[in-house]
Amino acid sequence: MVEEIKKVIKGEILEKSPQRIIIKVKNDSFSSTLNALKGLSFKRLTLFTAVDFVKDNQFELVALVYSNENKILAIVKTRIPKENPEIETITNIYPNAFKYEVELGEMFGIKVIGNPDSMKPFLLEGWEDLPPLRKDFDSIKYATEHYEARNVEVKYD
Amino acid sequence: MVEKLVLILTPIFAFFVGIFLEGFKRKMVARIHRRYGPPLHQPLLDIIKLLSKKENISHGVMFDLGPVIFVGASILTVLFLPLPHFKQLTPYGDLIAFLYIMVIGSLGMALGAGESGNPNASIGIARALTLMLGYELPLIIAGNTLVVRYGTTDLYKFMTLQSGFNWNLFLLPLTAIAGFIATYGAMGEHPFDTVVAPQEVATGPMVEYGGKHLGLLMIGHAIQVYIETAFFTILFLGGASNIFTFILKQLGVIIVMTLFDTVFPRFRIENAVRYFWRWPTLIALLGLLIVYIGGK
Amino acid sequence: MELQETLEEGYVEILDHLRKRSLWMLHYCTACGAVELPPTITSRFDAERFGIAPFVTSRQSDILLVTGYINIKTLKRLVTVYEQMLPPKYVIGFGSCTINGGIYWDSYAVVKRLDLYLPVDVYIAGCMPTPMAVLEGFRTLMKLIDEGKANGWRKYIENYDYYKANQRKVLKW
Amino acid sequence: MNFSLLMILLTPIFGGLLAYAGSALHKAVRNIFFLIFLILPFFELYQYANKTIDNFYYLTVLGQSLSLGINALSFMLSLLFSLIFLLAYIFLLFEFDKSEDSDLAILEFSFLEGAVFGVLFARDILSFFIFFEIIALIIFFLIGKGYEESHNAQLKYITWALIGANSMLAAVVFLFFKAGSFGYAEISGYLSTAPTPIVLITFVLFVIGFLIEASIMPLHVWAPITYAEAPDSVSVLLSSVVKKVGLYLFTIFVFSIFGLNLFSKIMPRVFEAPLIMYVLQWIGALTIIIGTFVAIVQEDAKKILAWSSIAQSGYILLGLSLGTPLGVAGGLLHIVNHSIFKGILFFVVGGVIYRTGTKNLSELGGLIKKMPISFISMLLAIIATAGIPPLNGFVSKYLIYEALIQNKEPLLLTIALLGGTGSFMYVYRLIHSIFLGQLPKKYEGVKEVPILMQVPMLVLSLLALLFGVLPGIPMYFVSKAEAFLGFDPIKYTLTGFPEQPGLHALNVPIISAALMGGFVVAALIFYLLPKTRSVHQLDNYYAGEILTEDVKYNYSFGFYSFFDDIIKPFNEWSIDRIYENFVGFVKTVGDYIRRIYTGNLETYVSLGIIILTIFSLIYIIGGVLW
Amino acid sequence: MVNLANPTLLVVIPLFFAFLSIIISPFLKKLIKFVPLIVSALNLVVIYFIGVKVLYGSIVLGTTAGLNPPYVIILAVDKLNFIIVLMVNVLGFLISFYNIFYMKEEPTDKFHILFTLLIMASSWISITGDLFNVFVAFEVLSLSSFGLVGYMRSKDSIEAGFKYVVQGILAGSLLLIGVVLIYAQTGTLNMAHIATKLDYVGSLEKLVPYVLIFFGLAVEGALFPLNSWLPDAHPAAPSGISAMLSGIVTTTAIYAIIRVTVTVFNYSAFIPYLFIIALLTLFFGEIAAFFQKDLKRMLAYSTIGQTGLFVLAFSVGTQASISASVAQMVNHSFSKAVLFLVAGIMIEAQGSRNIDDLKGFGRVNILTSILFVFAALSLIGVPPFFGFFTKLAILQTLLDFPGFLGYLSFALVLFAAIIEGVYFYRVFKILFEKSDKNFQAENPWLVISPFILVLILVILSSRPMSVLNFTNDIANQLIQRTIYLTSVLGGLK
């Protein structure tokens, strides 16, 4: 199965195990790769999220697509710059990516062109701070600042 | 003078009998679920708790009048049902008038619930009215059969004509079954409780009712339970010579109804009406045919 | 005037005694605690024998069960539902998340103390209390009502601005 | 000072002409002028309280003198109609005050009233026909002033009116040809001895004309769109007056001209009624059921009222064609009651349209806070339409049901009662979608209809309540009319009906008193308890979600859509569809016939030459032979 | 003072004025448009004097000078002629008044001359007592109406005129052959004389000449098989002329048929066939009218239908039926004339003849529309109007017709009434519909003549019974043909 993928996609393909392949591609050929994979029986998009690499100041987009016929999970990764990050929507290939893209916007601040609710609040209504899933956001500091805790001393008897 | 006194006390008597029947039903349902279940006077406690709410909300005058008309009309309807040895108001309104008097209560409640402006309430009322159209057909045919057979439409005469053990249940079994299913539908018991389905329409018309409004509605509902069961006993179980057998028969009706109630899931509203217009109507028509040919 | 008050208290006392026997809880599952409720209502533990039954709308019910962690989005709805309920109304906080944020102490979205925003009458400890604990909670609530001490709703009215300030601080609506 | 019948007939017309002339001066002059001439008939009629006149001759046609006369039935109806005309006129002033053809509307209004009096006072078949056609002509022009669809409503109405009129004309001429005179007495004299086929044919021809006007089931196709699209004051007249004229004529012809014993002589009796009356009973029952079930699923307020008035006229027909004193009393009483409560409904809906501009139920809602008086009168009206005790609808339906029991017809009784419950559904739909529920943003500024415009609603609501609680008042007139029709009237008291064979006693004031008692008890419980806090309509249980202003959460479109699925299988063979393909067939045949007039010249000339050759040949052969 | 009650004046006056206007036309072009007005006015005066005599039962005779009895041209006016000639000239007068303002393109002198000839010819047909005169007048009539139909010189009016010409010539030839055969058989041309001779002739011999004359006149009288020209000719003509054609020309032709059938041939055997022809005319005329989109075409087809109706009434044969048919003829002429005149105003106001473009016309000029409504209602036979009483009379008599055909015709007349009612009410609907289209206001002068005609109709409607009594006397006089014969022949000897 890997050979067919090699034929179609030009990108670094690493076969972790018979059921799992990791494909690293450049960010401009990200949606074309997904399109090709969909052609190759990878019908289902199980997850579409991002990872914040603070050191190289980049986001890594990760899309997990699964093929039912030959029971293989392909993990497509690509790197996008961190300053005002923008990506094309993939809802035309996998319609169920819609809510994932909204979450990308809310949790990472990645703008998705072509998705109407891209930067609209979804879970965190009225949130002004940094998008919370970025590594440079300190959750404990935010929690202790905003939410008053109960100061009770615990007696262990 | 005794008639006047009995006339005034009937609503209170009906309320307490209704409360007792409600409590008994909840206890019986619990027993079927193999659990203790609330004490017999639980409905009374609920009503007291509701009426004693510190503050109530209202969506307008009609919203407040809704429960008031419902209880008022229930009291009116109770007065038109005969009691053993007491004619009550039956000489002034017969079976046909009674069918229409029964409807005033639901009209009041519908108007009140409509005023609340909640979509669940409107859907609930639409379902209630359609269901009413459904179960009214077998009820009317059953009523007709009785009228054709006994030649009178007076409720008190129905009671006296069935004295002894020739109850209509034995004489006209088919009509009795159809009548039972129709009153069962009117009670809003489980297969036909699409009107107040908690999961679908958040208790239908009562969605915005709380506190004393709901208390009043519960009082009215208790009286309605009494009316439905009394109506069935008078028409088909031959009324009673004294009060206790009357209440016992009502209890019997409630027991049979709860047996069905705990077992059935819920109908969709159009299937409920289709059901009513198919089997009970067929049975009732058969009963009518028998009486019609027989009695000619 | 004492007669008025005594009558008033006497009257209130009897009512409280009766009112505790019929409590209707709002069937509004905010978080993971809700899974404990069906066992408490059905055959094994049967809360109905105390007159406690689930009801659907906020107008009809008396007890608001906050079953688990309260994030910002739920808190906004919780406040609306609480204000729609008719007094006397009671709030029961399930599990440690309502007490001090529980395992979500460090989360950016979860509120740590429920009683800052809503007057809580009874807390039931446990990271999801068992049905027995829930029933024990209900019994304490009934005892409180009986003694006339369960007046969280009056507290909410009296220091309404305090609660509103807290809520506005977090909810920013 | 006694007024002759012709003067009563001409007063409104004369008033109309005067008002039309007066309108040149000033609108107020016209309005008050015409108002006086509308009130006059009441006084003029007063002197005919219990007189029956039969021979006031006013015109001779074809050697026969046409006569006017008044009897108990036409007296009752003329009183009722002049009241409804007066109230409709007040409504008309408001409805047309901005539009430019208000003068013409008033003129036509006055002619309509004159023509209606004409039909009521006619004592021979030609004069009733003349006035009947004038009514059709005027209604045609009045409908045209309505809403956008009113123009093809006009066409549909006039086609049916012409069919009815011409079928009646055939009967009128045929009877005149055979009987030699137009008067009702001579005609009924001839009919009693006439051969059966003639009696049947003339009866069917007459009944077709009357039932078209009364919009009974197979001939009702024009009614829904006409009632819905005509201007509101005209739809009141259509459903409360013109429909009743058709039913009045049906009563006169069935009971006093043809006569029941004539029918029972020439055809078998079924269920204590001649066969043809039994068929009419079933037609009435079908009208009730189909009218009610279709009214339930309508989306347009006036369409619901149109179908409901078709269903109610089914009740009247059912009552009348029972032929027993009880049934006829029920039918006549329902004529009076139906005019009243249907009038209220049309006035209220007209008021709502006057204020909000739309009659589409899904756009309205929550007007109870803005238009309380309209709400109260509509509440009384819907209680009456559904036939619920304290109001007048109940009494007449009660009589009809008891008559059905007396005649031992359980199936008809079942259908009638089911129709009653059905009417409860569409009647609630009407008041719920207009007055209850969420008030849309654009109707925030709506105010109650002006005081004078409320007068018609309130007067009729008062009447409905009065006739409901004290049925004796209308029964006084109805029993007189029954006596005129040749039945021994049923016994009645001011408060209801005493116990009599076939009719169980009924006492409406006791029912209302008991209701008031119960109401007081419940109100006491309610108002003694702690106070209520009124809440804004957005503070509603919405599963915790917060409602905002722009969300339309009112449940009004497709209120009974699930009921629609139940009656879906029965919709295939709807009557309208039968007529549509019949009209289609007639059109294609007509088009084919039209081809006869080909444009080209050759066909004409060749035809002429053929004729020339044939006859010259005959001439030559003829010449040779003889 | 010269005896004014002489029928020949009715023919001489128009002839004299026609030639006078031809002579003076090069100089005083403007004045000619008043000529028809003067002619019909003078005619009316003469008719008044004749009327005084005729109403008292006598038949007024007029003979041209010279030749002795059998060859003199005799003009006889009994009650029926009087009514027809009265209608001819009343309508002629009003329509000529209408034409003065309607024909705007200046050189209208030819139009008015032809119009005078038309009046002369139709008056002549209606009063002549001589069979050959009928043919001559018929030819003059056809010629003048060919010219008038084609006067507008538009494409369709010329084509319609041409069709009319061909039909007219065909009809003329049929009539001529018939008259010649009669002359051959009886040797005389005077109607009364022929009548006395033909009484002794068996019905088979007089079949052929009768049929030829009948079909010759039937073309002009718009009966079923031969009326295909009418729906093209009437709409194409200017509306004044189509009013004249529908109102007068068809009526005179039908009068000629009546005169020929009853007085001359006394041919009762032919009545059933006439009945069937009339039934077909009525049926096809009404059905065709229902589908028309063009206003004047619709009115033309309705003329065919109405002619069918009153010929049907006549062909029942009893005295009551003839009186009803004459009453209906009067009603039809007046109301159809009004309809065509008003149609002319409407078409001029909005350009096209299509009915749908008339949307909202009634709201702008109310008076014309009300005239249209009144005339149409009288035509259909809606109660308060005169037409209702005539329709009632006709229906009354149709039942006398023996056998199944009577009932069939009864039903068909009612069915036709429904159809006619619907398509006229459809026009009312369109007239009074709200629409933002603005029409020019009507020219008040044009409205005067239809207004007067409607006034006449209203007067008739107020006293319907006296009119029906008068037509009853007409029918009575027509049936006793011996009065006519003796008085005409007596005059001769």
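Order of writing sets the chain letters: A, B, C, D and E. Residues in each chain are counted from 1.
The rule is simple: a contact is a pair of C-beta atoms (placed from the backbone, for glycine too) under 8 Å apart; a residue touches a chain by one contact, two chains touch by 3 or more.
Everything numeric here is computed off the predicted structure, so don't read it as measured data.
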| item | value |
| --- | --- |
| Steps needed, at minimum, to go from subunit A to subunit B via contacts | 2 |
| Chain closest to the middle, measuring from C-alpha centroids that were averaged per chain | D |
| Comparison of D-E and B-D by number of C-beta pairs in contact, larger one | B-D |
| CA centroid of subunit C to CA centroid of subunit E, Å | 100 |
| Interchain centroid distance [CA atoms averaged], subunit A/subunit D, Å | 71 |
| For subunit B paired with subunit C, centre-to-centre distance based on mean C-alpha positions, whole Å | 36 |
| Averaged-CA centre spacing for the pair subunit C and subunit A, given as whole angstrom | 39 |
| Where subunit B touches two or more other chains, by residue | 52-57, 202, 207-208 |
| Subunit C: positions in contact with at least two other chains | 57, 59, 76 |
| Touching pairs - complete list by chain label | A-C, B-C, B-D, C-D, D-E |
| Touch list for subunit D against partner subunit E, complex | 60-62, 100-101, 126, 129-131, 133-134, 137, 140-141, 144, 151, 154-155, 158-159, 162-163, 166-167, 169-170, 173-174, 176-177, 590-591, 593-594, 596-599, 601, 603-605, 607-609, 611-612, 615-616, 618-619, 622, 626 |
| Subunit C - residues contacting subunit A, complex | 71-73, 76, 99-101, 105-113, 116, 169-173 |
| Subunit C partner contacts - residues on subunit D that touch it in the complex | 539, 541, 544-546 |
| In the complex with subunit C, residue positions of subunit A that touch it | 123-126, 129, 132, 137, 139-140, 142-143, 146-150, 152 |
| Complex contact set, residues of subunit E against subunit D | 162-163, 166-167, 170-171, 173-174, 177, 181, 204-205, 207-208, 211-212, 215, 219, 225-226, 228-229, 231-232, 284, 287-288, 290-291, 363, 377, 382-384, 388-389, 392-393, 395-396, 399, 410-411, 414-415, 417-418, 421-422, 425-426, 428-429, 432-433, 464-465, 468 |
